[in-house]
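Two complexes follow with subunit A in common, the first pairing it with subunit B and the second with subunit C.
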Partner chain A sequence: MVIEDQNKDIEQLIRDLARKLLKEKEVDVILGYTKGTIPLTSLPIVIDKVEDVDKLIWNNLCYINLAKYLVPRIPTLMNEEGQKLKVGIVSKGCIGRALIHLSVEHQIDLENIKIIGIPCNGIINRKKIEDEIGEREIFEISVSGDNIIIKGEDLEQTLPFNEYLNDLCKTCQVKSPPSIENICVGECLENPVIEDDFSDMTEFDSKTPEEKWEYIKNLLDTCTRCYACREVCPMCYCNLCFVDQNQPVWFGKTTAYSDIFTFHLIRAMHMAGRCVGCGACSSVCPMGIDLNLINRSLEKIAKERFNFTSGIDPEALPPMMAFDMEDDQEFMMEED
Partner chain B sequence: MTEAKKELEKVKKEIVVTGNEKPQVGVYVCDCGINIAGVVSVPDLVKYAETLPDVAVAREYKFFCSDTGQNIIKEDIQSGLINRVVVAACSPRMHEPTFRLVCKEAGLNQFLFEQANIREHSTWVHMKDPEGAFEAAKDLIKMSVAKARELKPLEVKTVSIEPACLIIGGGIAGMNSALDLATEGYKVYLVERTPTIGGHMAQLDKTFPTMDCSACILTPRMVDVARNENIELLTYSEVVEVTGYVGNFEATIMKKPHYVDQEACTGCGVCVDYCPVVTGNEFDLGLATRKAIYIPFPQAVPGKYTIDMDNCIKCGICAREDVCEPDAIRYDEEPEYMKVKVGTIIIATGWDLYDPTGLKQYGYGRYPNVIDGLQMERLLSSTGPLDGKPTRPSDLKAPHSIAFLQCVGSRNFREGGNQYCSRVCCMYATKQARQYKEKHPDADVYIFYMDVRAFGKGYEEFYESAGKNYGINYIRGRIAEVSEGEDHSIIIRAEDTLLQEPMELKVDMFVLSCGLESRSDAGEVASLVRVQRSSDGFFMEAHPKLRPVDTLTEGIFIAGVAQGPKDIPDSVAQAKGAASSAATLMAKGEVEMEPFFAVVRPDRCIGCGMCVENCTYGAIELIDDRHFGKIASINQALCKGCGACSGNCRCSAIDIFGFTGEQIFSIIMGGEL
Partner chain C sequence: MSRIQYPSNIRIVRVPCSGRVNPFFIIKSLLRGWDGVVVSGCHPGDCHYVSGNLVARRRFAILQDLLNLFGIEPDRVTFMWSSASEGDRFANLIKKVTKNIKRLGPNKKFESTW
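Moving on, here comes the complex of A and B:
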């Protein structure tokens, strides 16, 4: 099926389910996507009336991970009496994963939400498009057949859809949220089995430590420490992020490379076994930095070492949460 | 009030340091005789210390641990000159308590003290590089001062102690500890894995050097243990879980099913006559047989029967009315679990004999007439399979010649084996040789040794007389290999290292004097009760000289061979030592706990629960706080201050008192923040 037809079907699925849930009072509000105000974006939206259901959309620019709006740092959705609202949340696979992992970390109560599962057909990578188009302003972007059509001032360009997808989406094995009884409606995956060969990592992994260092340095060099990546990440919900702590000041606040690197290094450690691979961080980075590589590395280690993939099984203990004397310790190297 | 009394009151008054005032650090650099001053210039270290931030005074002295040295520090505290103390000297393991007490006595909170170890960590290791040592010492002092500036006063916690002791292992060591503690009025739970107490000593015939009969001195003690009201004897049981901490341990004990009702069984033993299954008897090390329903040996305590389900064929004969009159057989018995609360634990699990099968050159397991020392002990025993008339396994004839080989599996720095000396084998081989000679004066008995270690009271005399009065031939030399000659005799090829000649010898029987090893399951026991083991596998004492019966885990003690090879007198001495240490602790009624536990900063904690499962001690749970919502909460009594939670917390919401983020960070940065 061509992409635009898929999108129409998904959108229809979202609206039908949302209407049903609101009508039957299964939920108080629906959290979903609506059209963005500028091209290459979409916006999150909360609706509570059946009439508004048609504001909900689906396209390949719905890159925000909506689970973020349920984490404690964001004001809780409440009614006038101060009671928590029951939320129906439009969920592509990675939103489902985020919800499950957040429940493992005791941050949300799955009982209080309905997962509106949809079969995600991939998110367009804004950076790749911008690299292609350069400085020229884009007025409109749409999908037709298997192509992306970009219109702008003196500009009409057709790009093959598959090549401009997020790299993450190409390896994604959880396009719909993992199914949880009584919580999932719509299209959900029953007992997903992750068989990831991480072939996308082969090239990076074969580099020498020096080459990797160089690569990462080039990758992060332009970071301005705006923390957009942190702000959009569904797993970044600490009350006081380590970068903002001042007792002690763990590291400098500048954009000297050592400070940038320390920020990303520590953030990576905090993401280990937790990142759900939604790619929201890369999508929002104003400098177009793709943190995917770091996140995939973490996912690979968690999978290979602990046979763990975050956000799949609400019962499974993430590696950083478990204490096991039998864990491999082969990384303890003896000096020769 | 007299002037002197007033003075005293003044001194006694605690100097109030809230931690918010400007730190005034006193740095005391110790010469430690020539240990430190002989390698680096202490006056220069003092000068350096004076340049560090917030250092109010820095001083040198020969021995700060001496009375005079301590008084120097006290005076500085009392005169209000300083409110933080850094002693740059030896290891805090030696003198941290000393200097904490100095602070306390001078009225300063004892946790406002920090020790820089410039001896072990500098002048000793870098003895040959004085310049390097000086730089290292400077850094160590700088780090300690940096941390001292961040120190906050802490309060010691006290917890009450349950006046009961759990003893694991009912050998001669465990039994002695149990009897001592019970006599002092403490409740004792004596857990023994096998169906009887007694341990290895029950298997011995006579005991060196006095040659009294092992059973004769052991069995009365076994009966004492069984009779003592304060001892709850739990044979055929194992400890499966230990939680808690000094003073308040909780142990789960599994009572294995005997398949015979221990209350009902009268120990008449009729069942044994009827049981059709014959199998090897562990107690006689396979040299004799027993039935599937058995007691390990006639004097076993308690003298009740047990069915060995691995071999039982459930024929039902023993359950017949005419066989077991009291109707005690219970084929479907299940293990029972019980929980006990104790204040202290003594580990007395003893030893395993080194298995010489791997040493192919000695033919053990291949030639029938090669046996190990413990088997020889059973053969010599009047209650053993041969009624104390040793014969060769191959033909059951009394051997005319026997050779013993010493240090099998001990003092071995090459092929698999243990490096330590097992301490009992020279003596037990001598004992066994003498016993055999007593019975067969014409027999030729040889002992091949590296050197004879007869270190104990009466041991040298015992050994001397073995050669002189019993005609036992001691040959200094290692045996290269043995082979089997005609009629299963053993041909030994060795070198007599005194004569420096190769030699060949044919004997009827060959005994391997195997050494003692830590129990094969010592690792599991160690992790169960959370104590450490030394590199030889035995449980580790807190200090080899000064705290030989304590472990590094407070409230847990070790006794007998579980701690390292030793003979019966030493095992008993240590057992009594362990009992008295446990009693000393329990007599106090309460223990002070170092306040180095984890604390949650509720404003930072987000309640993700990452720490909960990570805490090996189960000290953390998530609670609903009125103000902060779901947050982690730490049971300080369970917390060991390991810091696993702190290191894993993304929000830095957990600090360890005494090792807070700020403190560690200031150490790393050396105060340059």
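Moving on, here comes the complex of A and C:
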């Protein structure tokens, strides 16, 4: 099936399920996507009336991870009496993973949530398109058949969909949210099995430390420390983030590479075994930094060291919340 | 112990447990230009705080992997177990660390920000 038809099917699935859930009063509100105000974007929307269901959309620009709107730092969705609302949340695979992982960390209560599972068909990488188009203004973007059509000021271009996908969507194996009994409606994965050989990482891993340093430096050098990646990440819910902490001052607030390095290294450290690979951080980056490499390595570390994939099993403890006497310690120094 | 000698170019920072070692301790030393960092803790199972070193081990495993990812040479940051009664083991490991770091040379990655 071509991408255009898939999108229409998914959109229809979302609207049907949302209408049904609202009518049967199974949920109070639906959290979903709506059309963005400027091209190449989408907006999150909260719907509480059946009439508004047609505002829900699905296209390949719905990059926001909606699980973010349920975590503690964000004001909770409540009714006038101050009771928590039951939320139906439109979930592609990574949103489902984020929800499961957040419930493992006791941050959200899955009882109050209905997961509307959809089979995600990939998210377009805005950076790649902007690189292709250059400075010219884009008025409209649409998917027709298997191609992306871009219309702008004296501009009409057709680009192949597969080449402009996010890199992480190419390696993604959890297109629909993992299924949980009584909570999932729509299309969910029963007992997902992740078989990942991390072949996209081999090239980077074979580099020498010096080459890796140069590569990462080139990648992160433009970072302005705006923290958009933190704000959009569903796993970032600390009351006081380490970058806002000023007692003690662990590292500076400048955009010198040493500070950028520390920010990204510690951010990665905090994400280890927790990152669900939604790619929202790369999508919102105003400087177009693709953090996919770091996020993929986190997934690789968690998989290879601790045989853990975040957000799949609601019972399994994440590696950094547990310890084991038998852990591998080949990196520890031993006497000759 | 037994007047065992070890290289004099290390400085000891005392912490109650290897679980006390925040990754920031290690990164900040590297940022300030220290050539290498060693974290030495009690052997697994010997922890006075029951499981501090087991928690730390997972943290160090991830930190080591991430430092490698960001292009810091693996030998710059070393983790090892040596208990209070293993003076010769400690001396031997410190000798090995010093040799490794001398081979790498000074840490000039963050020189521009000193």
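In this text, the second predicted complex is superposed on the first by the 332 of 336 C-alpha atoms of A that agree within 3 Å, B and C clash if a C-alpha of one lies under 4 Å from a C-alpha of the other, contacts with A are read in each partner's own complex, and residues count from 1 in each chain.
Just so we're on the same page, a contact is a pair of C-beta atoms (placed from the backbone, for glycine too) under 8 Å apart; a residue touches a chain by one contact, two chains touch by 3 or more.
Predicted, not measured: the structure shown is a model, and the values here were computed from it.
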Which superposed partner A:C238 touches (first subunit B, second subunit C, both, neither): first
Touching partner for A:H106 - first (subunit B), second (subunit C), both, neither: first
Which superposed partner A:I301 touches (first subunit B, second subunit C, both, neither): second
Touched partner set for A:M320, first subunit B, second subunit C, both or neither: both
Touching partner for A:I38 - first (subunit B), second (subunit C), both, neither: neither
Partner chain(s) touched by A:M332 [first = subunit B, second = subunit C, both, neither]: second
Partner chain(s) touched by A:W250 [first = subunit B, second = subunit C, both, neither]: both
Contacts of A:P72 with subunit B and subunit C, given as first, second, both or neither: first
Superposed model, subunit A: greater residue contact from subunit B or subunit C: C
Shared subunit A surface residues [contacts with subunit B and with subunit C]: 242, 250, 320, 322-323, 325
Subunit A partner contacts - residues on subunit C that touch it in the complex: 23-24, 27-28, 31, 44-45, 51, 54-55, 57-74, 78-81, 89, 92-93, 96-97, 109-110, 112-113
Touching residues on subunit A, where the partner in the complex is subunit B: 72, 105-107, 237-240, 242, 245, 247-250, 270, 317, 320-323, 325
Complex interface listing, subunit B residues touching subunit A: 527, 603-610, 612-616, 622, 629-630, 644, 648, 650-653, 661-662, 665-666, 673
Subunit A to subunit C touching residues, read off their complex: 209-217, 242, 250-252, 256-259, 261-262, 264-266, 268-269, 272-273, 294, 297, 301, 305-306, 319-320, 322-325, 327-329, 331-336
